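Shared chain: subunit A. Partners: subunit B in the first complex, subunit C in the second.
For the complex of A and B:
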């Protein structure tokens, strides 16, 4: 597969997330994005680093493609809530904001100075777009699960940038970063479980008794 | 030795999850804390040499923050002994809340506490910026379960905010790390990357790509600044500090915020080496003043004394950023202030925990006459107030004064006046709350007797208080020159 095609698919998953109204579908979309990202190190790696890229791809696939969605689906099942996303910002507005974000990302990346040659000129804009989409999901959605998904998309954006541009970060650090994110999702999953038990819902907007 | 510092608490933490008898677990907590402190003292006696391309090592800045963390953790562990004993008893009234709540299993609490120590130690010894990020994220994850010790909807809310806000901040910090990586891509010999180890980055700083370096510093300031509690990214801080058990608040405020500050300082060090000190300093001064301003607004009229302490942490983090931002002698002031603030704030949070146990309320109007009911804690509370607001002869007075001097020396009178007036405002806000709590309410029962608390909940904070006073009365020449050494690392005096 061509790397441009892969990046375009990642953009499409982001747009799908912004427009999707069902939590289950959103989790599946993030899983798909994880699988797509797993292919990225294989395409962007420098010649001679095949094993490293392969190990990273495998780890990414296992965590982002399988473990995270599984954890989130479990949280969703135990929470047993209605499966609507129930956003603050409507789907159409989110989608519009997403398209605007894409334009901003393209414009911003064109102006970045002295960028090293990357595997594809689309890499940096896609990374920036994922970060923006993640932030939008975190602030624009009501369900705690959606916020975790937003965090994952944001993290995916940072990951895209890291894999595509920085080809010399040592494997140990990359694995440690992946593990950290794994624990983060795990701890968030536990928190989701407790939120559901405590409040009978997983709406982050009703977590609002602490304020000044 | 560094490996022992990191791995002993980590292994002990994992073991604590599986140990059944509570006494053994608590013994393990205190024992590990003690072992950690002894190792740190040993590190002072035999300062390890910094290998140029090692992933970990102890420079002066790392050693300073490691020592603060270790001391505070030891104190908190001893205090925790009494705290956990008391929490294990079925509680008579559950803090006058609307409903009963249970506690998280003690094994998980102690296990996470020890893993937390391990992660903080790793932050202070890291010489690789990628690893530093991993360690800072690990402190967030280990402490999240600690905040949710009291299984209570509000502490859950605080935990959720803490997790989400800090994770997003740290994701941006990771991007900042990558940006620095891009800046360093062609900086090495024969236009090779120098990677993310601190020592080579410093020695090749002159050939870093400046625009990427600047962007990286901004992202780091936002990312680690979130964890450090700089306004306007501080939103998680008052909630997490007020809802967690007091010994966790003490550690969060006295140790974790410092760890994040160290993260910022590492990047600042690189900016200085690359000749971009002025750029970084302007940002630090701006965020410092904003943090102090936001803290002042929320301290005035605050009715929850733990939130009051939390906002005071935002203020003091602002002072730290301001001191480094002013540079010169201000850097020394800032480093000294980090030490002072950790000791004073650690003490105050532990004392606040004692009040909470006796009064079952975090509401200032309901907690009156603390000097009468808890004489030692009450006086420590007043002493802590004086220390924290920079009253002589306590240590913070000297560090805050040094920062003021730096502002005047650099002819930045505007900054100096803002700094002074914000300090004065905060003094007024804190005085209202603290002194009201110290005095007896006029209509209160004069027969209310003295409450007894176990020794381990009174003397450890008293020790911290004594240290803050001692730092102000007499600063040993060796410690002073050590602090200057740390400041010199950061391009200050």
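For the complex of A and C:
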């Protein structure tokens, strides 16, 4: 499989996320994206660093492909919420915004100065697009689970950038970031559970009407 | 290349379409029968049906006007014109000029427009419902088709269908495979939607409430209905040939071999449509726009990658 195909598939998972109406499907899509991202260091690594890339791939696969989805499904089950995404920004608008975001990402990364040569000219645009898609998911969705997913996608964008562009330092940084994200997802899962237990819903917008 | 081409070969794409397009419907029916464990109608059943229909008389309701009678004729004429600008298997179309891809989309739009007008002219509430659905879905499928064609035009730097598919080579597939694959997927969705096949519409349904295209043509009978059926077969051929041309890039071979490959590809498309119809349920009416918008988004993503 070549790297361009992989990157296009990552773009497609992002669009699928923006378009999905079910929380379960969205979590599975993020898991798929994690698996795709795990393959990325294997293709983008510098010659001679196969073991480092392999270790990173394995760690990514385990965390993003298995642990995070499992945690989120567990949170979803325990919170026992409805399965619909129930977005502020609907299907059509999200998808349109996604396509526009891709255009913006391509335009933007063509103008970024001082980038080293990357394994593929699409790497930086796809990373920027993932970050934009993650932001869109965070602000455009009502359920807290969707916002966790948005955060994960945003982090995936940063990861893509790190793997593709800063190849020398990537292992240490990436492992640290992965651990941070793991903790974050843990905390968010627990927070989800508590929000749900206190208020019988996980709609983030209704938290803003809280008074102290 | 075009100058050296035998005029007989140049006129083969439309001639083949005129002769063999009903066979595609026959192949779809046969595939579905095979999946259903039935023997199915003969491959040439659609020809017999058309023959029977043109020998019947037509009955016109007194509430209809000339629009109702003009619909099938203009529709068939529009799709017949399409045949002359679509190349096939590396053989350029008889007529090719800059911008004929817009003409193709416009003619298909005209065909739908007159069908919708004829449906509305009957004054039947069911037909109005079908017309409304048809237009709603077409409004989403048409931009997708235009985006796909725009992407191809961008890729090959040509604005004529014959030149586009002449310029599309295997090298494009190896360099820009992902973008072309996205276009291909979007085009397949457009083919299914425009030809009223499952998962968008079920051509075999007999419940007016769930019908889209079929309900619009309920009041047509005899030769008019034959025109509509033949037009539908030709439309399937035209859109099918676009996807075959996209998938089988031009390579310098004997044009007759190219035509044969195109024909094989078309029958492959027919089998694929049959397989889709046998293995999938049709989507809920509310989900269909999402599918079509999704296809449009895929085409837009492909175009964006090509514009870069």
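The working rule: the second predicted complex is superposed on the first by the 207 of 212 C-alpha atoms of A that agree within 3 Å, B and C clash if a C-alpha of one lies under 4 Å from a C-alpha of the other, contacts with A are read in each partner's own complex, and residues count from 1 in each chain.
Note that in this section a contact is a pair of C-beta atoms (placed from the backbone, for glycine too) under 8 Å apart; a residue touches a chain by one contact, two chains touch by 3 or more.
Model, not experiment: these values are computed from the prediction.
Peer 1: Is the arrangement of subunit B and subunit C around the shared subunit A a clash or a fit after superposition?
Peer 2: After superposition on subunit A, which the two structures share, subunit B sits beside subunit C with no clash.
Peer 1: Which chain makes contact with more of the residues of subunit A, subunit B or else subunit C?
Peer 2: B
Peer 1: Pick one for A:97: touches subunit B only (first), subunit C only (second), both, or neither.
Peer 2: neither
Peer 1: Please work out whether A:194 is in contact with subunit B alone, subunit C alone, both, or neither, and reply first, second, both or neither.
Peer 2: first
Peer 1: Is A:62 touching the first partner subunit B, the second partner subunit C, both, or neither of them?
Peer 2: A:62: touches no partner chain.
Peer 1: Using the superposition on chain A described above, determine whether A:35 touches subunit B (first), subunit C (second), both, or neither.
Peer 2: neither
Peer 1: Is A:183 touching anything from subunit B or subunit C once the two structures are fitted on A? First, second, both or neither.
Peer 2: The first partner, subunit B, only.
Peer 1: First (subunit B), second (subunit C), both or neither: which does A:25 touch?
Peer 2: Neither subunit B nor subunit C is touched by A:25.
Peer 1: State whether A:89 touches subunit B only (first), subunit C only (second), both chains, or neither.
Peer 2: Neither partner.
Peer 1: Rounded to the nearest 10 degrees, how wide is the angle at the Cα centre of subunit A between the Cα centres of subunit B and subunit C?
Peer 2: About 150 degrees, rounded to the nearest 10.
Peer 1: Could you say whether A:165 touches subunit B, subunit C, both of them, or neither, answering first, second, both or neither?
Peer 2: first
Peer 1: Look at A:11 in the shared chain and tell me whether it touches subunit B only, subunit C only, both, or neither; answer first, second, both or neither.
Peer 2: Only subunit C is touched by A:11; subunit B is not.
Peer 1: Can you give the closest approach of subunit B to subunit C, taken over C-alpha atoms and in whole Å, for the superposition?
Peer 2: Checking C-alpha atoms only, subunit B sits 22 Å from subunit C at its nearest point.
Peer 1: Could you pull out which residues of subunit A sit against subunit B in one structure and against subunit C in the other?
Peer 2: Residues common to the subunit A contacts of subunit C and of subunit B do not exist here, since the sets are disjoint.
Peer 1: Please output the residues of subunit A touching subunit C within their complex, sorted ascending.
Peer 2: Where subunit A meets subunit C, its residues are 4-5, 8, 11-12, 15, 19, 91-92, 95-96, 98-99, 102-103, 106, 110, 121-122, 125.
Peer 1: For subunit A, which residues are in contact with subunit B within the complex?
Peer 2: Those in contact with subunit B are residues 112-116, 131, 134-135, 138, 144, 147, 151, 154-155, 158, 161-162, 165-166, 168-170, 173, 176-177, 180, 183-184, 187-188, 190-191, 194-195, 198-199, 204, 207-210, 212.
Peer 1: Show which residues of subunit C lie in contact with subunit A when the two form their complex.
Peer 2: Interface residues on subunit C, with respect to subunit A: 177-179, 182, 289-290, 293-294, 297-298, 300-301, 304-305, 307-308.
Peer 1: Quick check: in the complex, which residue numbers of subunit B touch subunit A?
Peer 2: Touch residues, subunit B against subunit A: 128, 130-131, 133-134, 137-138, 140-141, 144-145, 148, 151, 153-154, 156-161, 163-164, 167-168, 171-172, 174-175, 178, 181-182, 185-186, 193, 195-196, 209, 211-212, 238-239, 242-243, 298, 302, 307.
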